[in-house]
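Scrolling down, you'll hit the structures one after another.
Each of the two complexes below includes subunit A, the first together with subunit B, the second together with subunit C.
So, the complex of A and B:
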C-alpha cells in the first residue's frame, strides 16, 4: 500500500489528474449503466481505440521532437488498402505486411526530406501528404470497398493469442517496447534533447537530422501497422477508413501531456493514459446514449483543461 | 431511538415502493439505430420514422440514434460493437459500405441481438432483413413523370455517375419504363457529372447545346437536378426543357417552387426507419410458430419503402411544404 502511495506521489501531476478523471468517469458510468463495468465492455472500449493508440505512440516522438505528422490519416487507410489488395491477389500475408511497412517508411522518409529541403513547417508538409494520400486512396479503390479476402487470411486475422486479438496484442507489445525505449534507448532520448533545444543538441554532437528522420519514419510505420490491423479486423479496406483519425491521435498525445508548441515535453506513459482516457470518453457517450454531438465538445474541453494544467498550474518553475 | 426507527421504516418503504413499482411497470426495451454521417438530414428522417414506430409500440420502447458523424465504415463498425455491449433488444443499421460491417453485425447477431439493415444493406452479414429502396422502381417512377410531362415524345438525357450501383439501377429503371410506356421518347445521352452540382451544370449545358432536341433531363442523384436547372436557365430555355430531380434537398425544393425543376423523385427515409424499427421489434419477439431465423422472430428478408413524385404544385400546400422544408432534428 505504501508503495502505491509513493508511486502516486511520484507521478506527474497531470497524469494524476487524468487518472482521477478516469476513476470518476468509471464510477459515474458504472452507476448509470450496469453493462459499463464488464470485461466485455472494457475489451470493446480498448479495441475501439487501439488504432489511435498505436499511432499515438509514434506521434508522441514526433511531437516531442517539436514536429507534427498529420499524414498518418492518409497512411492508415492506404496501408489497409494495399494490404487488402495484395492479400486478395494471393501475396504471402507476411510479405504483404513487409511491403506495406516499407511503403510507409518511404512516406515518412519523404515527409522528412520535404521538411528538411523546403524548410517548411511539418504541419504543412504532412498536410500536403495527407491530401495526396487521401486522393490516391480514392484513385486506387475507385471509392469502392475492397472485400472478399481469402478465407485463410480471415482465419489468421481472427486468431487469438491468450484470449487477445491481434490489435490488442500489437498494442501491448508496442506500448511496452516504446515505454522502455523512451526511458533507456539513446536515439529515443535524443528526441527529447533535440526537441527541447535543437541548437545545443547539435552542438553536443547529436545528428539532429537523423533524429527527425527516425521519428517521421516511425510515425508512418506505426500508422501502417494500424492500417494492416484494420484490414484484419474488418476483413476489408476502404478509402473512407480513418476519417479524422490524425486529430484523435494528436488529441490523445496532447491530453497525455505532450506540448504541441514546445518540443521536448511529453511521455509515452502520458500518451498511453491519454489514449485510455479518450477510449473511455467515446465509450461513455455510446453507453449513456447522450448525443455524440457533445462528444467533441467534451473532448475539446478536456484538451483545454489538459493544456491549462500543463502550462499554468503544474508549470515547473 | 424512536425517531431513528421511523426514518429507517420510511426509507425502507420508499425503496420497496420503487422496486415494487418497477416490477409492475412493463420491462423497458431499447432499440438502437446506427448510421454513418450522423446528423445528415436523410438519417434524421429515418430516425423520425423509428421514433414514431416506437411510440405506436408503447411507452416501454426506448430508441437511440448512434454512429459517427463521418462517412467512415470502420468507425461505424466500432460503434456497433460498443452498442452491442448494452445488449439492446434490437439494432437497425444503415451500412456505410456493404463489407466492413460484416464482422461487427455478425458478432451482434451471435450475442442474440437482432440486426436489421436499412437504406444501405450488408448482404454478406447475418442481418435478418433489409429495408431499402428499389432503385430500379425509383427510376421507373421518374420515367412515368417524364413521359407525362413531355406528352410521350422527344429526346431526353440522364445525369448519373457511371459505375455507381444505385444510379445505374435508377437509370436502367428509367430507360426500361420509358421503353415500355412511352416508346416515343428516346434517351439521347448519358451525362456524367461525377456527382457534383457545378459539373452537372457545365455538362448539361454542353449536352443541350450539342443536341437541341433534348427536351428532358432526369438526374439520378440529389445534386444533378439543381445543376441541370441552372444550365437550362443559362441557355434561356426554362419551360422548354423539363428537369426531373432526385430527393428533396433544400435547393431542389426552391427550384420546384419556381418551376425550374418540374418534379422530383423521392424515396421514403421516414418509412425506412419506421419499418426497420417494426422489423427489429418483430425479430425481438418470437412467436410459438418456428421462424426462419431462430432464435429471432418472424421478419421478411427484404422490403422496399417505395418511391414517389413531388411537384411544385404539391408544395403549394403550406402544410406539405412545411414538412419538407423543416426536416426533423435530433
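So, the complex of A and C:
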C-alpha cells in the first residue's frame, strides 16, 4: 500500500488528472450502459484509436525534441495506398511492407533535411509535406478507392494471434518497446536533452542533428506502420484515409502532458494514457448516442484544457 | 610549476573584425589565473578558443607541452580542458546524474543505459565536492549555485585538469561565491589549473595567483598577486586615466526634485527604498543581479506592482499602472536586456526610434506620417552618432554599442523628464561606452533627471553625482560621489549599515 501511495505521489500531476478522469468516465458509462464494460466494447474502443495511438508514440519524440510533424496525416494514407497497390500487383506482402517503410523513412529524412538546410520551423516544413502528399495521394489513386485485394492478403490480414488483431498486437508491442526505449536507450534519452536545451546538448557533444533526423524518420515510419495496418483492416486504401488524423495524434500527445511550445517535456506513458483517454471519449460519444460530429468539438476543447493544465495549473518552478 | 596550456600568438576575427591580436599566455598547473578586461576585450573569445568552441585564425596552443588541435569541445575535454559557461550547459528537464554523464553514458547492449551505476558514480562525485544533492533530483528544482557546482562536478568527472570559469559569480550571492572560491582553492591545491574570468576585481584579487589583462583584443600584461592592485588592473584594462574616460560631473546640483520615492516595498524583491533624483543630476544605483535594483525600476514604471510606499513625479503623487502611462507622464525605463526587452531587432532604426512615441508621428485615421518619422530619426541619428547612418538599416545588423544608442534614442523620442537607464553599457565596446556616458551627461545637463543602474563600479564612480547602493533588496546607503572608491562602495554594499 505504501508503495502505491508513493507511486501516486511521484506521478506527474497531469497524468494523475487524466487517470482520474478515465476512471470517472468508466464508472459513469458503466452505470449508464452495462455493455460499456464488456471485453467486446473495449476491443471496439481500442480499435477505433489504434492508428492514432501508434503514430502518437513517435510523435511524442518529435514534440519532446522541440518540433512537430504534421506530415504524418499524408504519410498515413500514402502508405496505405502504396501497400494496396503493391499487393494488388502481386508483390510479396512483406517486401511491400518493407518498401512502404523505406519510402516513409525517406519522407522523414526529407522533412528533417528541409528543416535543417532551410532553417524553417518544422511546423511549416511538415505542413508543406502534408499538402504535397495529399496531392500525391489523389494523383496516384485518381481519387478512387483501391480495393479488390488478393484473397491471400485478406486472409493474412484477418488472422489473429492470441485473439488479438494485427493492429492491436502492433500497438501493444510498439507501446512496450517505445516505453522501454524512452526510459533506457541512450539515443532516445538524448532527445530530452536536445529538446530541453539544444545549445547545451551540442556542447555536451551530442550530435543534435542525428537526434532530429532520428525523430522525424521514426515519426514517418510509425505513420507508415499505421497505414499498412489500415490497408489490412479495411482491405482497401483511399486518399481519404485518416482525415485530420495528425491533429488527433498531436492532441493525444498533448493530453499526455507533452509541451507543444517547449521541448524536453513529455513521456511515452503519458501519451499512452492520452491515447487511451481519447479512445474512451470517442467510444463514450458513440455509446451515449451523441452525434459523432461533436467529437471534434470535444477534441479541440481537450487540447486547450490539456495545454492549460500543463502551462498554467501544473507549471513547475 | 609545469605549464598546462601555452597560448602562442593566437588571433581571431569575426566578419573581418579582429577581436584577438597575437595573444600569448601561459597557464600553469596549481595556479588560479584570472583574465581581466572590459567587455569586448576578447576574454570570452580567448577562452572559447581554448575550450574548442571557436577555432583560432592563427597561432598555436600547446597542452602539456604538445601542440594541440582544439576544434570541438570534445577535443578540448580529451586534452583535459573544460569550460563552466556563464549560461550553464545543463539540461533543466533532466536529472542530475544524467546531466553529469550526458553523452558519456555507461551503456550495455543496444545502447541501454546502466542507470544505477551512473547514479552511484554521480553521488560519489557530488560527495567529493561536499555537496548534499540527490543525484536523481531534476536540475530545474535546484538553485543556480548548486547547478554551477554540478557543472564543475561534471567537468571533474571527465578528468578535466584545466578548468575555465567564465564569470561564475555574476549570479551568486556573497556566501555562494565564497563557497565556490573554497572549492577552487582546494582544486588548485590538487594541482588543477584554473582560469577565472570576472568583472569583480575584489574577487580577482582575493583568489588569483596571477592576473592577465586584455584590452581591445591585445594582451596588456600579466601581473603577479603582489603587483595586482585594483588601480593597476583598472588602468591596464582601460588604458588611460579614468578621469578623462568619463565626462565631468553635474554643472548644477540645485535643480528641482523630479522623482522622489519614499519607503517603496515589494514583497521578496525590495524593501523600504527611499531616494530622490534632481533635474540635471545622475544618480548611480549600484547593485548586483538579485539586489533588487532592476525590480525597483520595473515597479516605478508600472511593469510590476508596488506593495507600499509613495512616489512623487515632479512634485505630484504618482503611481504608474502600466509602462504606457509612465511614458506619457515623462518617466522612461531603458531595459538592461536590449535584445529581449528593448529593441525590435527585426525592424528598421527609424521604426525603433518612434516606437515609444507613435502618437507624435500618427496623423488622421492612425496613419503613420513618414516625413515626421524621417525627421525625428535623422535628428536622433545625428545626436547619438549612430553608425551606420542609414535609418532603414535593421536594428539586428548593428553592433552592441550602436544598438544601445538606438535604444537610448527610442526613449529620447518620447521626451522623458526622468530617465532610468539599466546597465547602459553592458556588452558595448569601450569607444561606444564612452560615447554613451557623454550622451547621458549631456542629457542631464539639459535638465533631465537620470537614474543609472549599473553593476560596473568604474562606470558608477565615473558618471554618477551621487551613488545609491542596494544589496539583497535593501538600500544600504546613498553617498555623495566625492573621493569615493570601489572599496568604499563595496564596504557599504556588504557592510552592516551604510554611512548616510
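For this structure, a couple of remarks:
The criterion applied here is as follows: the second predicted complex is superposed on the first by the 313 of 317 C-alpha atoms of A that agree within 3 Å, B and C clash if a C-alpha of one lies under 4 Å from a C-alpha of the other, contacts with A are read in each partner's own complex, and residues count from 1 in each chain.
What we mean here is this: a residue touches a chain if its C-beta (ideal position, glycine included) is under 8 Å from a C-beta of that chain, and two chains touch if they have at least 3 such contacts.
Not measured: the values here are computed from a predicted model.
Under the clash rule set out above, the superposition-derived model of subunit A with subunit B and subunit C shows the two partners fitting side by side. Of the two partner chains placed by superposition, only subunit B is touched by A:283; subunit C is not. When the two complexes are overlaid on their common chain A, residue A:205 makes contact with subunit C while staying clear of subunit B.
In the superposition on chain A, A:45 contacts subunit B only, with no contact to subunit C.
Of the two partner chains placed by the overlay, only subunit B lies in contact with A:148; subunit C stays clear of it. Of the two partner chains placed around the shared chain by superposition, subunit C is the only one that A:264 touches, whereas subunit B remains out of contact. Of the two partner chains, subunit B is the only one touched by A:233; subunit C is not. More subunit A residues lie in contact with B than with the other chain of the pair subunit B and subunit C. Applying the stated contact rule after C-alpha superposition, one finds that A:159 touches neither subunit B nor subunit C. Once the two complexes are laid on top of each other via chain A, the angle at subunit A between subunit B and subunit C, using C-alpha centres, comes to 130°, given in steps of 10. Touch criterion met: A:293 reaches subunit B, while subunit C stays clear of it.
This overlay, made by fitting chain A, leaves subunit B and subunit C with a least C-alpha separation of 37 Å.
With the contact threshold set out at the top, not one residue of subunit A is in contact with subunit B in one structure and with subunit C in the other. Those residues of subunit A that touch subunit B in the shared complex are 33, 35, 38, 40-41, 44-45, 47-48, 142, 145-148, 230, 233-236, 238, 240-244, 282-283, 286-287, 289, 291-293. Note for the complex: subunit C touches subunit A at residues 53, 72-74, 77, 85, 88-94, 98, 102-103, 105, 107, 110-113, 115, 140-141.
In the complex of the two chains, the subunit A residues touching subunit C come out as 184-187, 189-190, 192-193, 195-197, 199-201, 203-206, 264-265, 316-317. Those residues of subunit B that touch subunit A in the complex are listed here as 38-39, 64-75, 77-79, 81-87, 96-100, 102-103, 124, 163, 330.
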